[in-house]
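These notes open a run of structures that come right after.
In what comes next, chain A is part of two complexes: it sits with chain B in the first one and with chain C in the second one.
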Partner chain A sequence: MAITFKQVDFTYQPGTPFETKALTDINVTIPTGSYTALIGHTGSGKSTLLQHLNALLKPTKGTVTIGKRVITPETSNKDLKRLRQHVGIVFQFPESQLFEETVAKDIAFGPQNFGKSEAEAMQIAEQMLALVGLDRALLTRSPFDLSGGQMRRVAIAGVLAMQPDVLVLDEPTAGLDPQGRLEMMEMFARLRHERDLTVVLVTHQMDDVANYADNVIVMDRGQVVKTGTPREIFKDPQWLVKHQLGLPKTTAFAHELQAAGWQFKQLPLTEDELAEEIAAQLPPQAFGGDPAK
Partner chain B sequence: MSPIIDVEHLNYRYPQQAADQLTLTDISFSVAPGEWVAVVGHNGSGKSTLAKNLNGLLAPESGTITVAGQVLSAETVWDVRRQIGMVFQNPDNQFVGATVEDDVAFSLENQGIPRDEMLTRVAQALKQVNMQDFATREPARLSGGQKQRVALAGMIAARPRILILDEATSMLDPQGRAEVLQTIRAMKANSELTVLSITHDIDEAASANRILVINDGHLEEAGTPAEIFAHGEALINLGLDMPYAERLKAALKRQGVQVPTSYLTEKGMADWLWQLRSNK
Partner chain C sequence: MMSKLIFGRFIPGNSVIHRMDPRAKLLLSFYFIGIIFIANNWPTYVVLFAFTFAAIALSGVKWSFFINGVKPLIWLILFTVILQVLFSSGGGQVYWKWGIITISQFGLINGVYIFCRFVLIIFMSTLLTLTTPPLELSDAIEYILMPLKAVRFPVYEVALMLSIALRFVPTLMDETEKIMNAQRARGVDFGEGNIFQQMRAVVPLLIPLFVSSFNRAEDLATAMEARGYQGGEGRSKFRVLKWHNRDTWATVIFVILTGVLVYLRA
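Let's turn to the complex of A and B:
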């Protein structure tokens, strides 16, 4: 399901002393089936844009087209439920939204809200728990007795239980340790293929953008300043610095090697890409071969 | 010089836990005044529990904690807390002011600082974290990274002797993180500030004088960053990222390249690769 922004402005609390313009003239499309990374300095408007993806916020000006629905400043708040079923948002620290007595009930809450019977919803809860890699023995436990990482997986299962077409993730790995981060990012990549999802990832981790995304939207001060593939975005380090963004570790190191005289066929984004390019330029003895041969 | 933080045989158990299940087991260490100590470990290893014991938010089952010469107890807890500034991972849990500047001023008001001085300190602190334009905004309406900056500004203004950071830069972008680390270095240069930072970030850990590794509630290891980073691929089991040069080394090994076993910095890696290539 594609989402298209046309000339979107958004202002928080208009007409009050707290009035703040958060988005200005946004024109951008998130294509169906893409893994789109949304990056930008803190306060650049990423989270505001994100809340337009399922009409939690409506534009102050312009239109947001979500699948077939067109959201305008005049759109009524009624009848948005269907839409929200299609676009699931996992907010920052989603574990703080858990509230039910048991893990099963918490995951089943969404589907029941969208009209499934209790039995159906419980069945979905069981499937979703397996999907996020948790043991079914946890179904009857209180979500508040779980570890932080487990709680987060339960919250994500609750969003998946609505069977969305688009999964929106707002810094989903913040606060997890490196091992937990890796497992969670691999889980999203797997879910994307298994459930045929469009994924939108808000992140500060440029390595995650390089490793997982195929489309990147860069924001600065409430505007979209660039869109493209990760390789297009990361080819110009000066431009990124100007917008207070970093490079994936590999790309930064590759730029240093280039400055020292190395040449690469294409700009490497991941360790394996860089290692392959380097290996192709090394003499046989680097692999333990005999230099005489 | 006597340590500013001294922990002896600390055991901690959450009330709902069984008698043989400790969250912290026999933790002993001390921190010298002005030292920067990073605490690393997996999620759930007990790092945050340790931080909360240090300022009396949690009370140990047994063991002694001495902060700036005072043994922590129900009688001394308020004095001890005056010495310690804490910044948590999710600052939503610690905002009290209606505006950013009110929030930063809160602890100064509590300490009875004169109004003129308070205004100067608040403005300075917000400037240091690059949030001066947000002074009259509501903390709740800031982004995650902006909130972390405001929480840190509160500590800069309060000028504690000890700063405890509990994953306080986790929501910042790389540049914001570098700026915050720079701010802390500047605070340390201006006063004898002791820093204890709980982190998974390799750059933050590298800024420390010493790293403590907590695993499953035990203090498993303590050493300088260079000593700890020499663990290479095993670092991920300690709850830290691998330094980039180690990750590239692993990828080169997968390509069949014979790599050195000793720890290489990025500069060392670049030099070694160049030599290898020229060596035809």
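Let's turn to the complex of A and C:
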């Protein structure tokens, strides 16, 4: 399901003395099946944009097209529910949205809201718990007894249980340990292929952008300043600094090598790419012997 | 939604009114509400309005804030005024009568007076909250409650609770908004359907809010203890309230105002 923004403006509390403009003239498309990373400095309007993706906020000007639905400033709040089933949002620190007595009931809450029977919803809950890598023994436990990382997984399972076409993730790994972060990111990448998801990731981790995304939207002060593939975005370090952004570790290292005289066919984004580029340029002796053997 | 509420907000500024001692502001505001009831004829109300408008002009805060402050209460005000107009009996010329409902000159004038009183009280209290940071206000309340220590009233504890509560109002509002959005994304309709459906929809909002408040309270208590907090007694103060000449002058002006009102009173 593609999501298209056309000349979207958004202002908080319009017409009051506390009026603040958060988005200005946004024209951007999130293509079906893409893994889009939304990056930008804190306060650049990322989270405001994100809430437009399932009509939690409606534009004050312009239109947002989500699949076939067109959201304009005049769209009524009725009947947005069906739309929200298609676009699942995992908010920052989603563990704070848990409330049911058991993990199973909490995961089943979303599907039940969208009309699934209790039995069906419970079945989905069981599948989802396995999908996020938790033991099914947890199903009958209270979500408040779990560890922070487990709560996070349960909350994400609750959103996946709605079986959305578009999965929006707002810093899903913030506050997790390195192992948990890697597992979580791998899980999203796997899900994307298994379920043909369109993924939108809001993050400050440039390594994740380089490793997983195929489309990047850069925001600054409520405007989209650049869109493109990660390679296009990360090729100009000075430009990134100007917009208060950084480089992935690998790319930063590659830029340093370039400054020292190395040449790359294409800018390496991941460790594997960098390793291949370097290996191709090393003399055969460097591998500790005669390559002919 | 809730962020539209103007009442209780603070607008940073550097006017004479902003720089006044919060104790003076708090006490004088209460005093002003008291002396509003001295007024009972046109000249006294004119003086009170002139005084209020002068104070607002001095604060440099935009007029729209005050108008917006009155807006949420307008129905309550109109309700009171209409009751007063319809049910005052006797006095002056009677324009219309039907059963117990009477519209008389006396009733109409009283209605207008009550309207003026409401507006004056709201303007003055809005001026107080718009020009005083909440923490200063809680300092002032602590100071004013001090005499109650004589009757074993836990002044420090109450002041601490007050300032913590004030500090966490915006945080909790943000949190509420966030959880509401998260649950909406999971298919909850807030404010739709019949009363029972609406009440049921609040559960997924309230439980996470309570849970996060408990967690926050525990974290805050731990952080306070780790920083050596052992109770209110024997602490020094970082924000020391200072009584300036302008506060004395303000008091003097209020005394003169009282004199004028008593003199003009019918």
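The criterion applied here is as follows: the second predicted complex is superposed on the first by the 289 of 293 C-alpha atoms of A that agree within 3 Å, B and C clash if a C-alpha of one lies under 4 Å from a C-alpha of the other, contacts with A are read in each partner's own complex, and residues count from 1 in each chain.
Assume contacts are C-beta pairs under 8 Å (C-beta built on N, C-alpha and C of every residue); 3 or more make two chains touch, one makes a residue touch a chain.
Only a predicted model underlies this, so the values are computations on that prediction, with no experimental measurement involved.
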Ask   = With both structures lined up on chain A, is it a clash or a fit for chain B and chain C?
value = clash
Note = Between chain B and chain C, more residues of chain A are touched by B
Request  = Once the structures are superposed on A, label A:Glu186 by its partner contacts, choosing first (chain B), second (chain C), both or neither.
outcome  = neither
Task = Check the residue A:Asn113 against both partner chains and state whether it touches chain B (first), chain C (second), both, or neither.
result = second
Query = Between chain B (first) and chain C (second), which, if any, makes contact with A:Pro94: first, second, both or neither?
reply = second
Query = Counting only touches as set out at the top, which of chain B and chain C does A:Phe18 meet: first, second, both, neither?
reply = both
Ask   = Now for A:Ser147: first (chain B), second (chain C), both, or neither, which partner does it touch?
value = first
Ask   = Regarding the shared-chain residue A:Pro178, is it in contact with chain B (first), chain C (second), both, or neither?
value = first
Ask   = Touch check for A:Leu274: first (chain B), second (chain C), both, or neither?
value = first
Query = Residues on chain A in contact with chain B in one complex and with chain C in the other?
reply = 18
Request  = Would you pull the chain B residues touching chain A in the complex into a rising list?
outcome  = 41-44, 89-90, 137-138, 141-146, 149, 167, 170-176, 200, 236-237, 239-242, 244, 247-248, 250-252, 254-258, 266, 269-270, 273-274, 276-277, 279-280
Task = Would you mind writing out the residues of chain A in touch with chain C in their complex?
result = 13, 16-18, 51, 54, 56, 78, 81, 84-85, 87-89, 91, 94, 96-99, 109-110, 113-114, 144, 158-159, 162
Query = Given the complex with chain A, which residues does chain C contribute to the contact?
reply = 3-4, 6, 62, 64-65, 68, 175, 178-179, 181-189, 192, 203-204, 207-208, 211-212
Task = Please give the residue numbers of chain A that touch chain B in the complex, ascending.
result = 12, 18, 20, 41-43, 46-47, 92-93, 147-149, 171, 174-180, 182, 204, 206, 244-246, 249-250, 253, 256-257, 260-262, 271-272, 274-276, 278-279, 281-283, 285-288, 291
